[in-house]
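Take a look at these structures.
Both complexes below contain chain A, partnered by chain B and then by chain C.
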Partner chain A sequence: MKRVFGSTAIAALAVVASVSVAAAAEQGVTDGEIVIGNVLPMSSSAALVGRAAHFGSVVAADEANAEGGVNGRKIVIKTEDDGYVPARTVQGLRKLMDEGVFGLIGTGAGAGTAAILPILEQEKIPAIVSFSPLKAAIDPVKPTVFMIGASYQDLVFAQLKYIHDKVAKKGARYGIIRQDDDFGVQVEGAFQRAVKELGITAVEPVRYKRGQKDFGAEILKLRAEKIDVLVAGGVTSETPAMMKEASKYKMDLAMATVPTSTLPPIMGLAAPYGYVYYSGDYISPMGSEGAAHFTEVAKASLSEDELKAVNRYSLTGYVAARMMIEAIRRCGKEPTRACAVEQLQSGKPFDTAGVTLPLTFTPERHISATAVRVLKVDPKAGSVTPVTDFAEY
Partner chain B sequence: MELFLNFLASGLVIGSIYGLIAIGFAVIFKTTGVLNFAQGEVMMLVAYVSWSLATELDLPLVLLIPLVVVAAAAIGALLERIFIRPMLGEPVFAIIMVTIGLAVTLRSVIVLIWGADAAAFDVPLKGGLIEIGPVVLFTEQLFAIVLFLVVALAIFLFFRFTRIGTAMRATAQDETTALLMGVDVKRISMLAWAIAAVVSGLAGIAFAMMISRAPDMWFLGLRAFPATILGGLDAPLGSGLGGLLIGVIGDLSEGYIGQGLKEISGFVVIIVILMVRPYGLFGQRELERV
Partner chain C sequence: MRTGHYVESYEKQLALTTNPVTWAWTGALLLGLALFPLLVGNYLLSVAITVGIAAIGAIGLNLLTGITGLISLGQAGFLAAGCYTTALLVADYGWPPELALLAAGFVSALLSLVIGVPSLRLKGLYLAITTLAFSFIITHFLLYAEALTHGPYGVRVENLRFLGLDLTQLDQLFWLVLAVLVLTVLAALNLLRTRVGRAFTAIRDHDVAARVMGISLTRYKLAAFMVSSFVVGIAGGLMAFQFRFINVDLFNLLISIEALAMIIVGGLGSVAGSILGAVFIVLLPEAVRALTDLLPAALTEMLSTYVYEVRGLLTGLAIIVMLRIEPHGLIGLWRDAKRYWTHWPLSV
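Let's turn to the complex of A and B:
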């Protein structure tokens, strides 16, 4: 009987001990560090944007650490490469979880984000989607998932509305070439919304598989349909490839694109084909007054080679990391995931150092920075000029 | 008709790229019995090296091509010597696994050296428009088609009329007999890798000139592989023609039917063809005497 009692007592003690350890140690938090994770395309065609977003988050962490860290703890950024493959986004998140991560700021591209949403919900991991806005991430609201930036639907719709109101002739025909995945579905969502709300004349959408770079048949098909406006829904170098084929047939087109088309390497590829096209964005462009503080701290944080990889996506990575760090800071000396989520959705503004206006989330609204500005991109001149003010679409 | 001819030309352009890479696959398989799953990556590596040569040395295309041929041959031979030669005598499956590992390594090395950004491959040949009747092509697109025809002819002549080509065919037919006849089988394997690197590397240059040189170019290897199956794994020229077929069928089906059929149509054709000719359109049926 004594032996049974002894065993039971030891087992009970073990359970109590394990419960108290679990309560004390939040995932990704040690005495000296707090780990924030990214799962981003650091390789593949999307590496141009994935690496930039990673460096943006590193700059935010270095900035916080230079000021003494967060309540005595250093912020550590851990980034996993998903190679722009949704299955690897899941693997990357699982690896981060195994190693211990407090929250997530890089959530992969659209399809990758969609793939990890159930895990984020189940594990109650605070996450700020900023790399590739995905409506499904916040609509309906997921308890721990937040999003910065307008969705691709809004970004492309804003351009289509501008083109419809100010550029295209009456009765213009609209076409779209979009990727055959979640990202493409969002881009086509904007197109279909324009069909519905603006009453534009649309031709059958053309879809292409991820990885495709030759658009001869697709452009020929749209040329036969006599389109005047094209939504060039390439992720990165696909957009200039579409422009090249269109220029071959001297097609006179107004083009709407996604924000990657404002990145210098993509503008460089598009320059020879003579098109001035449109894009949309919800943040201040690089080189503007709004990005001045980021540029300054980035110079102190990154090497010369790393600075070369910085672009517009660094700003979104920076803003997301800044918000996560501030939410953790507001939780005091014993930060928990639940507290960070509470702070994020408290309605109190988060300062983004001028990249955007101060941002807020509420329990009912997990999205911020949704106002879009339409940009005119002249790749030959190397200029990106706003043609509208920020507006909600 | 104008539309059809332009779809056809567009298909021939991309088909030429697939065809060249497919020839690379077939040359190695025909000679060594190994499927090189790093063919797309080797193509990409040669394209990147060529891009560096073209931009750093500012070489005209007439000088660049011979230089690239030498560089590509060296790359192919070196890869064979380092990664494949030590595996000789091991099961084919193990060698194939090595090529998969090589593929992943090459992708990472390329990003490490050249970075992740896409860049234009500018050469003086690029940018002009050529009109052949109703068909419009960029000069670099016509270059891809001409390159395919020249390489296909060269491969045909090499295997048919040269001593080394005959030795390679002999090795493909029966390695042991070839060895007994004095053929240096190891050197033949190295040569096959060198030739495959040159042929697919030229495809890489043509593609980079048309689109851009970017770290996802290796994907072309995956797209060209079905062409090799269609043409016949042991038929370099047949594989090249398989590439043209895949390109043309893809663009025609996308143009006239759409719905993303560009990618699927080639596979549908392969399934149908393989049901009738399991060794491919131009592959040789293997006979076993019992």
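Let's turn to the complex of A and C:
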């Protein structure tokens, strides 16, 4: 009788222990899988970049899985569409959390990222903001939120410095057309910094409404101001629309733009207007040596249709996913969110397969890949050529 | 089942309902809704909170457009005014959330006078355009009055405790939204049975005739704008609690269009229709998503990157089909169904 009681007690303890282990298992981690999430604009006008970022993360997961997964577990990417609407970014994250997600790499556009920051902090979800850099995500430092990529201030300032030093004539007049939102504020921040640090002659900044398609009035205003350099602060197709208007008046302009201007569809739209312009980026351009490894693994991972959707945002998605996967790998057999955060900010470099220099985070600095390279974009020739090395600005 | 309404006193005539079965069903529904957070996960709860806030906003719009006949495309503006009022008062001025929520309603109601006054001379599409312009003015102000509104940087709301509820917890936020929705429904239903409510309806049906009957168009049109905007402002205040980080991007033109869609799909002039419309418009994309998720893997792989466009098309198609089948909206469908079963087996 005593023996029966003893065995029963041991069995009961074993059950309790196994239940406790199951209960202690981290969100998004099962015996066979680890789920990493994205909330991205897969539909709407920003789908061009959202889908690309999603495919980048898929390539990183497939690459890890082809090598046997992470400590025996398969990496699964789950992506929710936020339609470029911040309210839906929040709901997308809630859905991922309900279904079980370990960490987040796609965090929506700027306003979407801002909207989910309180949840990321409250739920202690490791997140790498890579889709649309947002200063508020890491300044002040949030315990579980990291960011890769230079701010728009640095990206545009680098170009203005290059144009000022190497391209524009002395006494050139600088103008800017920027969107009237947080993105536009960052672009204008670069412009104002150039005014202060480089002593450029600037005309009054011109703002446009989000979704605007015609820039006739804005260009006419800047033409009257006789500008020589234009910061074309369009998000996507606005930049070629500005070029279209400027070309009507045969304006001779050196142009600084944001990284979307190197996307093939945007270059295609810009090509007829004859401008060679500048862009800045913290990653190697598509087609360059730095992106060669990604391109190779993407071919094995994606369908033909999906490959057509790949662009520079795929590279940022790829880098973020690689870092998250590596942080999980370093945690060993029983990864936890706390461990992944610890690994991310350990100061040990993360290899990005050549897309960027190896990246590191520290507890005080949750931002990496801030070095910027200025690119010369010739849309007619379809070429994107680096004209500087990576440098901090 | 009852086949009609037979009342013998004014008291009964003015009661919300004289049918005990209706009260029983309403009680059961409320009980079910109160228990809802205990049964579902955070995602569904988050969607339910969105539905609740949308329903409050839709009731506000229906009071103006469905009941009084004044078309407004300015709902995004009133919603933004309410949302920013609550967020700024809590975040920058340390107001308790309870007072800040009430203030959202009052600020929004005061602002409505700006378009209420032109509405005395404008009707139909002309009024719609005026209200649309108001919405643009509000969002423009929020974006550029940086010293007051934080401009493009947005406002972050923290430490949200409301009458003992911790609003950072979704279940407690849900209960607050549910309570506000119930209060809004009761207030709207009661308003419609008063002299004011009947004056609103008279203005909608024929404003000249209403004036001849002694209804002051100035007073009642302005009252309609203020009441409607108060309710929409409260919905905006709740949005500040829901998102805890707000910026002007939350309040685009699409919100005003969606609000109109809610009351048209739900049923113009009906409080219940407003709620049904909000449920339909908010849940439709979720339903379409669930439906496409059920498709065989081979088909979704074939759709590849186009699956999101297919979802968008299906959502639009569902609204068109809905309005084609029942122009009186979901509330019309409900009334038809009720009539059918009431008269069964003699129904046609």
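Here, the second predicted complex is superposed on the first by the 370 of 393 C-alpha atoms of A that agree within 3 Å, B and C clash if a C-alpha of one lies under 4 Å from a C-alpha of the other, contacts with A are read in each partner's own complex, and residues count from 1 in each chain.
Keep in mind that, in the parts below, a residue touches a chain if its C-beta (ideal position, glycine included) is under 8 Å from a C-beta of that chain, and two chains touch if they have at least 3 such contacts.
Keep in mind that this is a model prediction, so the values were computed, not measured.
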Following the superposition defined at the top, how do chain B and chain C come out on chain A, clash or fit?
clash
Could you say whether A:Asp214 touches chain B, chain C, both of them, or neither, answering first, second, both or neither?
first
Could you tell me if A:Leu269 is touching chain B, chain C, both of them or neither one (first, second, both, neither)?
first
Touch test for A:Arg94: chain B only (first), chain C only (second), both, or neither?
second
Please indicate which partner A:Ser45 is in contact with in the superposed arrangement: first for chain B, second for chain C, both, or neither.
first
Of the partners chain B and chain C, which touch A:Ala114 in the superposed model: first, second, both, neither?
second
Would you check which partner chain A:Ser303 touches, where first means chain B only, second means chain C only, and both and neither mean what they say?
second
Given the touch rule stated above, what does A:Lys226 touch, chain B (first), chain C (second), both, or neither?
neither
Taking the superposition as given, does A:Lys348 touch the first partner, chain B, the second, chain C, both, or neither?
neither
Contacts for A:Ala136 in the overlay, against chain B (first) and chain C (second): which applies, first, second, both or neither?
second
Select, from 61-69, 223-231 or 313-321, the region of chain C that bumps into chain B once both structures are placed on the shared chain.
313-321
Report, in rising order, the residues of chain A that make contact with chain B in one complex and with chain C in the other.
42-43, 47, 51, 180, 309
Within the complex, chain C is touched by chain A residues 42-43, 47, 51, 81, 85-87, 90-91, 94-95, 97-99, 111, 114-115, 117-118, 122, 136, 180-182, 184-185, 210, 303, 305-306, 309
Sites on chain A touched by chain B in the complex:
42-45, 47-48, 50-51, 180, 204, 206-209, 211-214, 216-218, 220-221, 224, 236-237, 240-241, 244, 248-249, 265-266, 268-269, 272, 308-309
For the chain C and chain A complex, residues of the former touching the latter
41-47, 50, 143-144, 151-154, 156, 158, 168, 242-245, 247-250, 254, 301, 304-305, 308-309, 311-312
Touching residues of chain B toward chain A in the complex: what are they?
3, 6-7, 9-11, 13-14, 107-108, 111, 115-120, 127, 129, 136-138, 207, 210-212, 214-216, 219, 222-223, 250-252, 254-255, 258-260, 262-263
